[in-house]
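One chain, subunit A, links the two complexes that follow: it is found with subunit B in the first and with subunit C in the second.
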Partner chain A sequence: MMDVCNWDGTVSAKDFRIGALSFAQKWESLNSAFPPWSWVPCPKHSWLASHELLQEEGYLSLENICISRPNEEDIDQNSQTDPGEEETSCSEKEDDIDDATLVQSNHHELHYCDFHVVYSYTFRVPVLYLRAYCSDGRPLLLDEIEKELPACSSKELPETKWAFITQEEHPYLKRPWYKLHPCGTSEFMKLLFLGGDTAQPKLEVVLELYLLSWFSAVGQVVGLTIPCKMLNDR
Partner chain B sequence: MAKEGSGSILQFAPFQSSVDEGFWHRFSSLKLNKFGIDDSPIAISGFFAPCSHPQVSNHLTLLAESLPSDSNEESSIPAFSRGNRNRCSVPGILYNTNTMESFHGLDKQGLLRAEAKKIWEDVHSGKVLEDSSVLSRFLLISFADLKKWSFHYWFAFPALVLDPPATLVDLRPASQWFTLEEAESVSAACNEWRNSSVTADVPFFLVSVGSDSRAAVRHLKDWETCQYDGQKLLFAFYDPCHLPNNPGWPLRNYLAFICARWNLKTVHFLCYRENRGFADLSLSLVGEALITISQGWREHQCVPNAVGWELNKGRKVPRCINLAKSMDPTRLAISAADLNLKLMRWRALPSLNLDILFSIKCLLLGAGTLGCQVARMLMAWGVRRITLVDNGRVAMSNPLRQSLYTLDDCLNGGDFKATAAVRSLQRIFPAVVAEGVVMAIPMPGHPVSSQEENSVLEDCRRLNDLIGSHDVIFLLTDTRESRWLPTLLCANTNKITITAALGFDSFLVMRHGPGPFNSTPDLKAEMPNSLSAVMDNLALTNTDGKQRLGCYFCNDVVAPTDSTSNRTLDQQCTVTRPGLAPIASALAVELLVGILHHPHGIFAEAEIAKSNNGGSSELPLGILPHQIRGSLPHFQQMTLVGNSSNSCTACCSTVVSEYRKRGMQFILQAINHPTYLEDLTGLTELMRSANTFQLDWDDEMEDADDECIEL
Partner chain C sequence: MRKALQKRMEAQKYVWEGAIPLQIHLHESQVTTLPPPPPALILAPRIGYLPLLVPLIKPHFRSTLPPGVDTIWFEYRGLPLKWYIPTGVLFDLLCAEPERPWNITVHFRGYPGNVLIPCDGEDSVKWSFINSLKEAAYIINGNCKNVMNMSQSDQLELWHSVMNGNLEAYLRVSSKLKLATIEDEYTSLCSSKSQQGSGETDFTGQVKTGRVPVRLYVWGLSEDFDDLEDISQVDSWEKISYVNRPVEIHKEGKCFTLHDAMKNLLPEFFSDESLSDSKLAGVDFEDVQKIPSEDVSSNKVVEDRGQNAYEHREACYISSSAEIKLIRIQGIEPKLEIPFSWLVNNLLNPDHFLHICVCVKVPQ
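And now, the complex of A and B:
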């Protein structure tokens, strides 16, 4: 068994999967008050030997998290209606609003965020992917996201050597998502476990706690927290 | 707040739509690969769930999975499975048009009526009892503009209009309507219903509470069997709405169904809502509605009126979403390239100036082995504005060494290199602003006839304009003399100039120093009037460290003449070891980036690489040399410094001021008279006097010819 001092801060795909499943399970059982993380399996067609097929890939998912502050005054700068669209409405003779339809005057725009934790085979570490959108589905750009999650802002992160938001194609959904670039992850994971004065833990312990510790560090950037119960329950 | 006996019209909160980006992505791909221009309606599924938050209503959502699955597609889309408690599926239909005009021209009334009729049919046929989600059937019209990646769309949630409208007798939170015991039982029963994959996504159901306070949840089709006394019976449904005083839209067709099917005049209903995954009876509402229906309702053939087009911020207009940023491949390429450079800056080079790289305009004279490679390297560094000048055509042997060309460019006599190169750059990175200029560079020592004079002068002027309108000039041609005029013009305007030249197995990459004017005030370039002065000024090393750095010709003792005729074939064909051009090109671009990041730019002093370079350079990109000479046989590279020569035929003050004085006439004279430049700069004089010393100039000159500068 490899000595923990030689550990490079990374984790294998198998350990990631085990850690992720246990993370999701623990989260659900301990935190009924919080929305649940769930494991989304992504079976890949494998032409390798049959035992390889059992190695299921997937990612952790937390979706539809409202990131807007409740009383924000929303001036919709991205008004999507063309001036040309006006003509359509005038041509409609039928009254689409009958007496039984409630007409709401406040058009409060809320923003939501989806978070995925995906394993990176290149860097051998988990990576946080995120995307944000309005309630009608319109995606938000990075600068709009930064307003809601100020810790994400590049202005706030000049000192952080390991947090950089980039945009890349989601490995399973094949669409551009934002992600926290993983090139610094192994470094800070090493620091987390080996940087203190306390006695060095065994490698098995490190791997078990890996995802939890990773999450507690990375989650701060996007405002996700781990309830204490999960950290204490060891 | 309870409304009691008010008899006011029951008002329903309209459904709100939410279309996930993934839906448009998938739809675009289906449209491009499968549907083409076929605009027949497409059956789709919408998803919704009961309200799960006291302040926010849930939407009817379209996802990538909403579109029908296609066996040809790569299955990165998980097919949706029934039984998902957060995704109750609802049938819908999509009418997508191929033009904006046809989008606006759709018969919206007609389409709405057609969907309303389907609901009406299902009400009467009993289909609702089998699959109640058909009560919330919806309609979507759209126009997908796949050139601009914008999607115009409009939802309708058809609701059969009760005439006269239903009135509300009572509406209050469920926790206030049930007793405590009943409420507990109802919650438990509902939670069980929601947790079973068989019933989790069934949005309409019955809740019956017996006299023993025990509640049971049943399917709609069991209604007849639920009729016994002492029992409270509620028509329950998943209510996406969160409002305390209004039920959600699904109740509309539900009431219509109930009175058409079972002829009830009073309906007790339960708007089922949740909080954090569990039944929330204080958020859920129980109400009582009074319905009076006209005779027509019992008659199947008379379809009631329908309403339901979704408002867009209170206005009767469609919605529009633009997804160019995440779908347009060019935009994606730009953003990926930008992020890549920013990543480099973040990880390795915090002082990297990306703005300057994005904005500089580079002129590449020559689109051959060096030109192609320099262009690619520039793009890799984020340079977006590139102009290539070359008057040649792509020959069959070119694609192997000239990295922008392929066989297609050689056919039919070969395309012009300048245009083929631009095409190639655009294929690599569509956002590049590239221009090709098919033009020959006038050269001294290649006399022109009087008929050609005008066009040659035109070329000179054009070259001058090109140099004037760019920030950086790369001299990448294949003859020594073709570099003369650009060097002079750049020295005259103080443009950053970089030369790359290849021998058979060696190369030279250098940056020209600034021109003789506009340089630091210490420099005095005086006209030599005596041999000794000439000799002094020719010295390559100078004690005055502030002398400006030299250009390509400063090291010459000969003026550029015709080096192409009377040469053996292989030298004329410019054969070099293939590895040289990529190395030299790469160094040329890296040198440029170094200049751009140096505080003094073109005036930067030369540094040489020292073997014990213990962080002696303060600049993050390293030292900024003047010349780099490399040799492949030795796998060696040296950095050198060469100061300017006061007899330089291209950049000395004599020449530049003569050019300033006489312009094109001066150029023409240099082109037509082989010794004119040497006479002007005193080189002729030098050589004559040098001959008297009997130095073996001839041999040395020959070597000098062969040594460096051919391509």
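And now, the complex of A and C:
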């Protein structure tokens, strides 16, 4: 019987890995229609030959997720600014929409995102890294990404004293990625599990549900949700 | 006791006054005059950051630049320099044999956005620094509220003290952050000799255990070498492993050395001692099992140690020919037996991280 009262909302690297693998398996079995999370093992030093058992470090990955579709306003704007489109409309009736152009506009407007969940040894919590790009591979700028964030998050951004999303180097890929700042994570994880009036759970239960609970909160910030099945399971 | 504090101030002063002589060349693709402009000679603070030198560099090369928007970045022999790493750390890491002056190239066009994080001048550097400080505060105190709640004027004063190399102003403002320091084993040893009875009382705010903010830059070489001059050049950041991981110090009666810290951070390179570590880990497990009511923190510590012990056993088979060849902190190559607390108290960067450069030899 563990004492959860003293728990500070953090998780060890070992428990993170166990929880991440469990989360990925559960996601795959309950959401076969949705792209799967996968565990990517990473040796601490890429140039050091790594034994199978040493590959305990790594991150959780969900990639190529479409995060936006154009609305009518976007289509109109594209039509108005496209010279080709203007020429086409001259030769046709004013209220007639060219299907081919519409499809093309849709294609160019699609934005995609890669999500990585990496363990932070500093904060001892999972951290969400993301990279957003167009269908042609061009990376999105921060203000373009902010447009894709759920409205509630975007509205909160200007009011925040400290930006909660910044571009930083991916710990394993060594490339610029966007990172959601994790300094408040342990506090809200603690509240999630210990803040209620209900009886406090055992520590094993807490650690088992840690990543699922973390994702249900953090995922909303970037427009990812957990299907009902996973929340109901257990 | 003033002597001890003065000694620490002395070492910190040397660190803060440390500088790298730079010879900065303009990249040939941006030279529009004949003859090409002479290089800019600048003494760059070790604890500073390259983009902060732009106000000195830009006037020097202005007359020869092609028209267009400036996106300034630096490069050393083809390797883009990460501006968010302190200048002294870049020098220690990339110049195995210290090169004086250090010849680097400045570009005003063609920013390599796929490798380097964007930099919009001084503000980007400032926020990068403050984020590091926030992270350090979390490691030490368990939260970063003191950094988050800094007043605007304190924030500005702190940043200006770093930009201007003003140690006294920095100490005045940073003391408000209440970052606990570790008892300096070397200093306390000296003081206990001179004043036998009052050693402990005078170190208020210091703790004997805790987490130390450390950033490790590990350069792996597959070739063996005896002279630093024989080492080939770092041509890619893929060759360098960046480890952002705190060191936990536990007072267990004996002195915690740099050797202990490195074993904690790079267990693969201490395979000869993995057997004794396994024994220690075993003892820890036994101790925990005897405790009637276990609390979360001790269990966590045991888990981490158990994991390390397991790694150590496997490390025997993997890296028997891997070894640490060089360790540099603030340009100093300290002995492994030096008390880690001395290094922490004297060689920290202003972001409160100990930046350690390590060169290791690894098998092919």
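Simple rule for what comes next: the second predicted complex is superposed on the first by the 170 of 234 C-alpha atoms of A that agree within 3 Å, B and C clash if a C-alpha of one lies under 4 Å from a C-alpha of the other, contacts with A are read in each partner's own complex, and residues count from 1 in each chain.
Definition applied: contacts are C-beta pairs under 8 Å (C-beta built on N, C-alpha and C of every residue); 3 or more make two chains touch, one makes a residue touch a chain.
Only a predicted model underlies this, so the values are computations on that prediction, with no experimental measurement involved.
> Looking at A:Cys66 after the superposition, I want to know if it touches subunit B, subunit C, both of them or none. Which is it: first, second, both, neither?
first
> Considering only touches as defined above, state whether A:Leu173 meets subunit B (first), subunit C (second), both or neither.
After superposing on A, A:Leu173 lies in contact with subunit B but is clear of subunit C.
> Please determine whether it is subunit B or subunit C that touches the greater number of subunit A residues.
Touched residues of subunit A are more numerous for B.
> Could you say whether A:Cys183 touches subunit B, subunit C, both of them, or neither, answering first, second, both or neither?
After superposing on A, A:Cys183 lies in contact with both subunit B and subunit C.
> If we overlay the two complexes on their shared chain A, which of subunit B and subunit C does A:Gly137 touch? Say first, second, both or neither.
first
> Under the stated touch criterion, which partner chain does A:Leu110 make contact with: subunit B (first), subunit C (second), both, or neither?
In the superposed model, A:Leu110 contacts subunit B only, not subunit C.
> Counting contacts the way the document defines them, which residues of subunit A are shared by the two interfaces, the one with subunit B and the one with subunit C?
139, 166-168, 174-176, 183
> Can you name the residues of subunit B that touch subunit A in the complex?
Residues 9-14, 16-23, 25, 53, 55-56, 59, 61-62, 76, 104, 108-109, 152, 159, 161-162, 165-166, 243, 246, 252, 276-277, 307-309, 311-323, 325-326, 332, 335-336, 339, 342-343, 346-347.
> Provide the residue numbers of subunit A that touch subunit B in the complex, in ascending order.
For this pair, the touching residues of subunit A are 32-33, 35-36, 66, 70, 76, 80-82, 85-89, 92, 94-105, 107, 110, 131, 133, 135-139, 141, 164, 166-168, 172-176, 181, 183.
> Once bound in the complex, which stretches of subunit C touch subunit A?
Those residues of subunit C that touch subunit A are 82, 84, 113-118, 127, 131, 134-135, 138-139, 142-144, 148, 213, 218, 220, 222, 237-239, 241-246, 268, 293-297, 299-300, 303-304, 307, 310-311, 314-315, 317-319, 322, 362-363.
> Which stretch or stretches of subunit A touch subunit C in the complex?
2-4, 6-8, 12-15, 44-51, 53-54, 56, 121-123, 139, 161-163, 166-169, 171, 174-176, 183, 203
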